[in-house]
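Order as written gives the chain letters A, B, C and D; numbering starts at 1 within each chain.
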Amino acid sequence: MDPQLPITNVTETLLAMLPEIFLFCWALVVITIDVVSKRKSETLAGYLSMIGLLITGILLSFSTYGKGFGNMFFNDPMAAFFKIIFISAAFMAIGSSFGITKKKIVNHRGEFFGLILFSTVGMMFLSASREMISLYIGLELTTIPLFVLAAFFKDEKLSIESGIKYFVIGAFSSALLLYGMSFLYGLSGTTDLLSMRLNIAAFHLTFKQIGVVVLISNIMLVAGIGFKLALPPFHQWAPDVYEGAPTPVAAFLSVGSKAAGLVAFAKMFLLALPAFYGTEMFPNDWGMMVGFFAACSMIIGNVVAIRQTNIKRMLAYSSIAQAGYIMVGMLALNEHGLASVAFYMFAYLFANMGAFAAVALFEDKTGSCQIASYEGLSKTSPFFAVSFSIFLLSLVGIPPLGGFMAKYKVFAAAIAQASAHESGQWIYWLVGIGLLTSVFSLYYYANVIRQMYFSKNDSPYTMTYNPAILTVLIIGVLGVLAAGLFPEPVLEFAGQISNSFGF
Amino acid sequence: MGILSWLILVPLIGMVYVMLMPKEKVNLIRYGAVIISVIPMLLSFWLTWDYFFNYSGSAAMAYMEGPYEWIPSLNIQYLLGADGISVPMLFLTGLLSTISLIASFSIKFRVKEYFAFFLLLEAGMMGVFVALDFFLFYVFWEIMLVPMYFLIGVWGGPQKEYAAIKFFLYTLFGSIFMLVAILIMYFTSEPHTLNMLELIDHGPTLSHTLQMVCFIFFFIAFAIKVPVWPFHTWLPDAHVQAPTAVSVILAGVLLKMGTYAMLRINWPMFPKALQDLSFWIAVLGVIGIIYGALVSMAQKDLKKLVAYSSVSHMGYCMLALAAYSSVTAIAGVMFQMISHGLITGALFLMVGVLYDRAHTREIALFGGLGSKLPVYTALMLMFSMAALGLPGMSGFVSEFMIFIGAFGALNKVLVGIAVLGVVLGAAYMLRMFQNVFLGEFNMAKWGGLTEINGRELLTVIPLAILTLAIGIYPKPLTDLLQATLDNLVLLMSR
Amino acid sequence: MTEHSYLIVLLPAFSFLMIVFFLRWKEKIASLFSIAMIVTSLIMSISVLFETIARNGEAYTASFTMAQLGSFKLQLGLLIDPLTAMMLVVVTAIGTCVEIYSIGYMKDDPRFSRFFAYLSLFLFSMLGLVVSDNFFMTFIFWELVGLTSYLLIGFWFEKKSAADACKKAFLTTRVGDLGFLVGLLLIMYYTGTFNYEEVFAKIGMDVFPPAMLTLAAIGVFCGAIGKSAQFPLHTWLPDAMEGPTPVSAIVHSATMVAAGVYLTARAMTVFVASADASFFVAVIGVVTSLLAATIALVQVDIKRILAYSTVSQLGYMIMALGLYGYDTANGHHSPGFYAGTFHLMTHAFFKSLLFMGAGSVIHAVHTNDIRDMGGLLKKMPITAPTFLIGSLSIAGFPLTSGFFSKDEIVAATFGHPVFTVLTLLIAFMTAFYMWRLCFLTFFGKPRDEHRYEHAHESPKTMAYPLIFLAFMAVFVGWTGIPALSHGFASFVFHAEPYHPHADWMNYIVSSIVGLSGIGLAWLMYYKRKIDPDKLAERFKPIYTLFWNKWYFDELYDIIIVKPILAIGRFFWSFDANVVDGAVNGTAKVTLLWADLKWWFDRWIVDGAVNGCGWIVRAFGSLLKYIQSGRMQFYGLFILFFIVAAGIYKFESAYLNGWIFTDFLEVTTLFVILIGFLSYFAKTIVPESTTKPKREE
Amino acid sequence: MLPYIAVAAVLFSLGIFGVLTRRNTIGILMSLELMFNAVNINLVAFNKFVWTDALIGQMFAMFIIVVAAAEAVVGLAIVLLLYRNWQGINTDNINIMKW
């Protein structure tokens, strides 16, 4: 269906929003039922949330492309694709949090899951907006529940610390973002992203000096969205928050929140402020600047990860590095670019959520997050070791796993861009840095595998799996394999995203 | 499904079989794995036979499968095929895999995982030699790293972890260059394609700079695998730390993938760059020959000696590859690949036999084993002689062809220096042989050593027979290669 | 029979395989089988010889393709011409003798049948070398005789000296083979073929640049230098005497070491085409001959004396061949070719006789040192006379084989006075040291009573071959008597033989030289008129030089063996330290010289990967400090980079990018900035709070 | 219009300064509010002086106020937890996690 076709009346618009509305209500239901059932059941809320997400997914498959409320709600292929990613991420995060809700969060299970669902709704709204206000609201609806979730272990200093850090830096960057947005509004008089692009261009024709303002707001936006992406140098909250927050929350942060950031970035920078390499339309050639940040992200993420001993922290740096790879795809302003970003996110979803699920499982069992304590696990828990290894190898990008396919797609897009435009030659360097650092990344990922496999000793722990986490692990493995071996349907879908952005 | 797909699929089925077996049923796993690996071995034998009689007359790809669309949005296809340079490699892979699996019976712990990884490795190796789509090729190329990493890391020697990660990092480092080159090739071709056969026609139309860049990128990737000096330092560690059977596969098949890929991809695709760089490639080859031999001479560890001798032997391959205009030299490369696979594989097996008994490989600790272990000594003598290029063995034929071909096509002085490798090769092999097998026998220390047993004989005898057969009557192999190599030389001289 | 002559070659190979796989445990049968095979070969060789004579020396050829690539062929082939036929008979005849002799000599050896297997393998290789019709096949069998020589020298490998000697023999000859290989490559490059006749025909067609031809010829001759133990690669042959004596008799005197001479003769056309190469050959020959003779003068080990004598005689032959090539190239006639091949044949017989005799003596007295022998003539009624006959022959006593062949060599030097004088000098020395040996061994009083008492004549299997060979040592040379119209010469040349001048004059001179050599020995060691010890005292420097074999072994050890090992070790540590740990810095390379091994042990753990990894990790250790743990620092960090990005963007947009243009530049700058900031962060956070209270 | 923008910029900068330098967590929250309000002033000023036909800017400002309130609630809740766990709300102590 043509994404540009308007949905004519409010009813239809609301119908198009049905998945979001349903999920929002379902989140309230989950909380209510948990309270009503006097928080007796250990698993009820969790399973309810998972069911809710499944239903949302089904509803999603009935929803149509189109827009309503101006451009405030705009269902395009990107929205559809990323909604699937958000729902899956939430599903897997919830699936891997049964351990902590059983032991640690005894009195707030409903709220815990409910907040994850609220955050998911926020992400879904965010992905379905082509307008600054709804984008901002989506972003905040995503983030505020996550502040709470990060600090959810009320008696643990680490959790609180991660909560306050996340909160302060989050609010700080959202203020920066808003400040940038306010100037954009000032220059264009509209919050609709597409009209904003045209208005600013027209304005700039007559009044060159606004370039400085565009420039400032550009940087503010990069900083604000870079925070969500954990893109260096706006990444510093990430390792601390990942380490302190409950592991499933960290997982959700690393995938869901990052994907939300990506969507926001794509919307703001590809729709409202497209960069034109080599033309002098106005000085918003954000390409190279983001390129520096991406390069820094790949270098810093991979290099510092080598030094980590805490696996959650290591995965945090890994996800910082992965943000860099994704941004390489984003910088390829061609038909492969956005598609590769979307596909990368898809592959990354399974691998990273799977890895965090494994970490969560291990943490529930042993209480430890040290890499060294994974020693010898392959003998006592072969399934755990195999699936964790698969996730890590996928993150490295070893074929035929999804991570490789994703990296291939991203670098292919970048090289296509670099070889097509004289002024895009620097992207070669970016690709070079990306590939080189992906070799470094092997070092720390393999380190975990080494601990699990190469030790002569048996691990003192044996993993036991509850059905939910088993599901998550299996989905992760299957997803990683599918994304690597049979990626065609996803790639095709991802291709539509590029098309809908006019590439 | 054609025969080539089965070559890849059967080991994978074997892997699934092994994984489904309970871990206590060690014999069921071992024998099952060996029996399953016999199937691709026989297939590869039949393939060689069939190719020799039905297809060797022309340079066209035989047994083509596909192109089937795999990932159409990226133009990735499932495309397999075999010609004169891949068929011998498949033969070698099939044979050495089974032999290594038999040699792996000495693995005592985590048997199930070992055999599963091994069969995955076999599938990957087979895939590399038959893939004609770049992406597919890359996937198979990389797929092998993982089982190899585990095989070295879990079952290896004292420094296994270091060796395993070093191997993994090194090869991955090379692969990224290949990936970039593949992508450049893909985006410069019109219409975009990853089909190697089409890209061979496309390569020479690229600009000179781009040809050079792609050539060098591919070269780095493959050179690390070969390994060409100075990219060789992963090899001694990996070889020495890996369990015997894995060393055999490493030396016998994995190193060949580098030279095979050069012949398949690098050389015919960028003839101009090749012409510009051939001298330097030859220089690297000669350095490898001399350097490897000299370093071998200084070794105290038997396995390390054999490992460094690989550097030297693969140096011959590089020298001959530089002489791209000579069919003789390129045939010499193929011969050297096969004979090095057989001989070095056998040497590793032999060293493994000794290590299993003596639990040390320190050359200086042995001496006079000839009087206690006559059969073992005779075999070792044979393989050492084969390694130093004694006539009547395959190593001689290959070295001779390489020298003849390279002498005609390359700088004469360079080849003259390379010939020195023959003496140095003899020197380190004889030094090793003398110190281990000749001289006085230390009865008190090694009186308990037992003669090579039936299973171990089973692993080395086929290699011995093939080494001799190729050495005495190489004509069938040259006939098999002739048409393909003629065509290849034509492509490379464009 | 000629068309089945490949069987001559294959029968010993068959014998080898049979012994290895089936007859290993039945010693008697193994030896008999092996002898049966070689006798069959001998009979066939004789018939081939007669057929060749009947064909008037016309060559018979046949070939078989081993491998083919386009026009490039590797072939195995037969070339039966008079030279071949002669060599076939020599090899098989001496082979037969040696095998029979070995039954007695090796009687109680635990590896008895293995010895016969090796001998058969050797005979196979040697015969293959003889019948070869192309350079390639020659090279194959050339190497194979090298292998068998290795095996046979190292037959008693428990002895360290034997183990060392076999390695030395193999390696030294391989150095020569290096030149051979280069020669082959040149020949292949310029003529496109290996076949002797085709190569010779191509040389006639001037396809070779002269310099390259000389190089090729010298290259091929290098092979001969190695194999025939010529200067400067002669050092291995005396050491090779560590092998069992029958081995010395056949491999290291009669056949394998003569292969170099045979090859030179076979490739004579190549040498004829290049006067320079021929002269080189001649010089090498005469230098070797002189050198070895001087060393032989003072040695006391019976087998070593014979070994140096062998080297000397081989030098003789080589010189003759070289002079032939030189003269022919300059358009003169020369009997050198005939002389060289003729001496090759006669020498084979009398030298194997001498070796077997020596073996018999050693068998009897259990020592190699001639100073411990003496008066054995009475104790050994068969060995002693046959040995003396051999000595007469080598000394050039009139009417023995050696007399005729040596004579021709002297004749070949006519026209080159220096060579003539040296040749006669060497002949004199040969006669002297051989008879010194004889007098010390067989005459006079026993110097070691104990050994003398236990000495006894050898068993019949050892005695009969001696008698046969003694007979041959006298009479085989008669085939070349000028009176019989130079029968041998006309046969080998299969053309009009060239008659050297002044036959009789020549005979008289060489007789006198030979006899005076014997006479001097008689005076010194039998009559004791001149005291050898005083003489030695008087010429002490020269004596020491000869006694230490001109210090060649020591020299090679210093200039070749040690450096190569050192280089190997250096490269190895280079590998471990520099190639592998490229980052460890040049300062460490200098230290590396100090103690290579220590550095290796220290740095093996630091590979290139780990080396890079080291940088990465160090960088990681630094960069992790940006994570100062203070959220306000994080905010500051963000602000800092907003400002930095603002400056960059403003600069690139409005100052036309005159500071920052390059992507890598700015990325590096950013990373460095972050590094700096992290260092800053590290310093501002007090150390007391750096201890994390997390679970670790 | 410019004075308004300037005031907003000053306010924003003060907010940033406060966030980065205050040791008291509550102070940081208040500084954050300053930053949000700077944005609001911006938006309203633009709406009032440049794009007067629609009330988009003011609407945006309303949304921001609401969201900022929600954020403040969460923030204060976390500060309470801080107080409970650290017996204080000074940021100097909140750096268990680093490196």
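Assume a contact is a pair of C-beta atoms (placed from the backbone, for glycine too) under 8 Å apart; a residue touches a chain by one contact, two chains touch by 3 or more.
In this text the structure is predicted, and so the values were computed from the model without any measurement.
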item	value
Which of A-C and C-D has more C-beta contact pairs	A-C
Computed distance of Cα centres, chain D from chain C, in Å	91
Intercentroid distance (Cα basis), chain C paired with chain A, Å	73
Centre-to-centre distance between chain D and chain A (centres being mean Cα positions), rounded to whole Å	25
Inter-centroid spacing, chain D versus chain B (mean Cα positions, whole Å)	65
Shared interface positions of chain C, touching two or more other chains	613, 624, 627, 629, 631-632, 635, 693-694
Where chain D touches two or more other chains at once, by residue number	16, 19, 28, 94-99
Chain A: positions in contact with at least two other chains	157-158, 164-165, 168, 172, 176, 239-240, 243, 307, 443
Interchain contacts, given as pairs of chains that touch	A-B, A-C, A-D, B-C, C-D
Interface residues, chain C side, partner chain B - complex	65-70, 72, 74, 136, 139-141, 143-144, 147, 150, 154, 157-158, 160, 162-164, 166-167, 170-171, 174-175, 177-178, 181-182, 185-186, 188-189, 564-565, 567-569, 571-572, 575, 579-580, 605, 607-610, 613
Chain A to chain C touching residues, read off their complex	157-158, 164-165, 168-169, 172-173, 176, 211-212, 215-216, 218-220, 222-223, 227, 232-234, 236-237, 239-240, 243, 283, 285, 288-289, 291-293, 295-296, 299-300, 303-310, 367-370, 426, 429-430, 433, 440, 443
Interface residues, chain B side, partner chain C - complex	159, 162, 165-166, 169-170, 230, 232-234, 236-237, 291, 294-299, 327-328, 331, 368, 370-371, 385, 390-392, 396-397, 400-401, 403-404, 407-408, 415-416, 419-420, 422-424, 426-428, 430-431, 433-434, 437-441, 472-475, 477-479, 481-482, 485-486
Partner chain B, residues of chain A touching it in the complex	378-379, 382, 393, 396, 398-400, 404, 408-409, 411-412, 415-416, 419-420, 431-432, 435-436, 438-439, 442-443, 446, 449-450, 453-454, 487-488, 491-492, 495
Interfacial residue positions of chain B with respect to chain A in the complex	70-74, 110, 113, 135, 138-139, 142-143, 145-146, 149-150, 153-154, 160-161, 164-165, 168-169, 172-173, 176, 179-180, 183-184, 186-188
